[in-house]
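In order of appearance the chains are A, B, C and D, and numbering begins at 1 in each one.
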Amino acid sequence: MIFLHKLLNFYYREYKLNLSGFQDILTNITFFFISIFIFIFSIGPEKETYSFLGVGILWTLLLLSSTLSLRKFYQDDFENGNLTLLHLNGFSFELIAILKTFSHFIFVQIPFLLSIPLASILLNVGNEKLYRLTISFLLGALILSSLGSISSSMNLLNKRNYLLGSVIVMIFSIPIIIFSVGIININENFNSLVGILSGILLITFAVNPWASGACLKIAIQNN
Amino acid sequence: MRFLINSKRFNVFADIIFKPVLVLSIVLLIVGLIFAFFLSPDDYQQGSTVRIMYVHVPSAWLSLMTYLIMTVYSIIALAFRMPFGFIVNTAVAPIGAIFTLVCIISGSLWGKPMWGTWWVWDARLTSVAVLFIIYLIIIFINISFENVRVREKIAAIFILVGSINLPIIKFSVDWWNTLHQPATISKLSKPSIDPSMMTPLIIMTIAFIFIGITIAILRIKTEIITRENI
Amino acid sequence: MSLRYQRLLLIILSLILIITATMLILYNTRENISYFYTPSELNYSNIKINKLIRIGGFVEKNSFNKVSSSTFNFRITDDLNSIYVNYTGILPDLFREGQGAVIEGYFQNEKVFNAKTVFAKHDENYMPSSIKSKLENSGYWNKNY
Amino acid sequence: MLLAQNLTLCRLERIIFENISISLSSGKIIILKGKNGSGKTTFLKTILNLLEPTSGTIYWKGKLLSRNLYDYYNNLTYIADKTSSIKQLSVYENIKIWKKIFSSHMNYEKIEEILSILNLKVFLGARVSTLSLGEIKKLELLRLMIENKKIWILDEPFTNLDMETINLIGQTFEDHCKNEGCVIFSSHQDPLIPVSDEVNL
């Protein structure tokens, strides 16, 4: 019970942190929308093109803008020593990774999820596709959060080449893109593609705490 | 077999075998190329173009093998704290990247006349492209961290995470419909290649392995020396 | 909950997750990442007109017609069903009757497929052309050599 | 309670510290002395089990530290040389967060009392980023009271602090020791507070 209480209090802290940094998330969403405008202006306002391309564009931009928020993932807490503090408070590094992943999902990805309907109106994505897009993004966002956790924990001590984190996320997100966009565009069999996506999700969930936990440990040891 | 996990013993062993390996790799490469270009017959379908296979297939195998070696060494290095594993990983990653690149380039040279296209995004080709980028990222990790002890561990963890790609590459042609043909040589069945074409393929593969070992020995030795001087 | 207990729990959880995930993926990927559809698969699902798809199969024996120097039509088959294909352009070297091919294009209507690109698909068998002619002469030639 | 024997730590073939033994039992205050870069922080991290010593063993309550880590962590407060307060939040919010994540039962009257002793009460609603370095450090030291654990491990607690506060903290250390607590802290200069043991690095 005490432990459960501890977990809840961890999320209280995350909530306070993200609330104070909410302008970052808003900037992120603004970036997302501005990129949509740029797409529309550069390709031309033809509606038919977007009903064909829209889902792909949406996914690419979601991926790109969510990699922008990766720097927030562990870096702040690492630099002011809060990760060490949490560990000394009885959280294993693996547990910290899991908690942080869900916190990133709740406080960064969910706002994105809420902005999808508006974005899909702008890009003329139909209602039926919107439903599928939302489900696939819900799963995909969880995967992206896990990947983000892995890559940003790898990058904690990387002072020179921060873009590497985004590259790592993007290379591993290729299967998600294949399946998520596949869900909407190519295949009729929605259920089995959701099955594959959730399979990938479970694998990243299983890998994430170990990989991120090890990286966090290395970072804290060598800081 | 201690030389496989201990840098001092490796140095001793490498000094002994380096020259024979070098000579052997050059000889095998020459013999293999002679076989591939002059002695092996034309394919019944592909004619002379099939000779690209003698470069393409060995480099593809070696790109996978290199990654497999790196995975094994990452596990050894992380679990049993053997720094030699990190040295091997750092040294071998560019070799794997080069083999993958050779595989991709020779593959597209083969694909253009046979399939009618340089490149398609089917499961096999995509996963090999991903493998190449993974190799690049490993190299990037190895050059962009300041602390050696950090970057080698991070690279090892990344290698382990990236090893998910290996079975995908291997089995993509069996699991899914691809433009790429299924594996010619597999353990379970008799190889569907004629002995006269199998011989140069095997010679070329062994030659590639020896070339890889030669470069690896050189790179590992330099890596050991660099680390001693930090 | 002690640190060791946390880890133990996590190990068990990860194993369960990985097993479930492999089952989910293996169960679902059987037909989903296909680069192409076979003619039979297309007959079962409804054919979408004016949608870019790829069809893979063999070029049916005695179906190849050369309409002009760069316009061809042929049928693509998987021994059960076949589809009529129109193509304008250059054919790859390996393209011939009985040979595997993947074509990319649109359905003009339910029966006619307009190919935009034709890829030849070769199989995993390699053998010298001299041996092949010998085998054919002696009647031992079959595809599954 | 905490017993470290012959701790040695090497990094990149360089010896950071060698053969250091400490024994920390209730009522003791240990000061780690050493110049800049002599490995004080590294030593504290080793004691916290964040780093593994190259040789030597640490025991907690008679058991190996790594076997008894959770209990150990439940009994210690670590104040790093960095400040862990969140800059963009107010002092009050920071205190609230600490109270929550450390499951502290300390009531707010008591906290306000301590804050007024530390001259921090006026800043309760202010953002941490507007505070001076010394004030941030004092706020950080407030965590000692909030966490209310037995062992206090402090890394350079007296930087940026005035004499008055240092004496106040020395007083707090003594009070803590009377309540069967113990303190280990590092300092590069002599803080002029009573200590029971001295370790030179």
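In the analysis below, a residue touches a chain if its C-beta (ideal position, glycine included) is under 8 Å from a C-beta of that chain, and two chains touch if they have at least 3 such contacts.
Just so it is clear, the structure is predicted and the values come from calculations on it, not from any experiment.
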Select the chain at the greatest separation from subunit D, using centres from the mean of Cα atoms.
-> C
Give me the ID of the chain with the smallest distance between its Cα centroid and the all-protein Cα centroid.
-> A
State, to the nearest whole Å, the distance from the C-alpha centre of subunit A to the C-alpha centre of subunit D.
-> 36
Averaged over CA atoms, how far is the centre of subunit A from the centre of subunit B? Could you give it in whole Å?
-> 33
Quick one: report the Å distance separating subunit C from subunit D, using the average Cα coordinate of each chain.
-> 67
Could you put a whole-Å number on the gap between the CA centroids of subunit B and subunit C?
-> 28
Overlap residues in subunit A, where contacts from two or more other chains coincide | 90, 178, 203, 207
What are the residue numbers in subunit B that touch two or more other chains?
-> 149
In subunit D, which residues are in touch with two or more of the other chains?
-> 70, 73
For the subunit C and subunit B complex, residues of the former touching the latter | 29-30, 32-38, 56, 90-95, 99, 102, 117-133, 145
What residues on subunit B touch subunit A, complex-wise?
-> 78, 126, 130, 133-134, 137, 140-141, 144-147, 149-150, 153-154, 157-158, 160-161, 164
In the complex of these two chains, what residues of subunit A are touching subunit B?
-> 150, 154, 157-161, 164, 167-168, 171-172, 174, 178, 203, 207, 211, 214-215, 218-219, 222
Footprint of subunit A on subunit D - complex, ascending | 45, 48, 50-51, 70, 73-74, 76, 78, 80, 82-89, 93, 97, 100-103
Note: in the complex, subunit D contacts subunit C through residues 69-71, 73
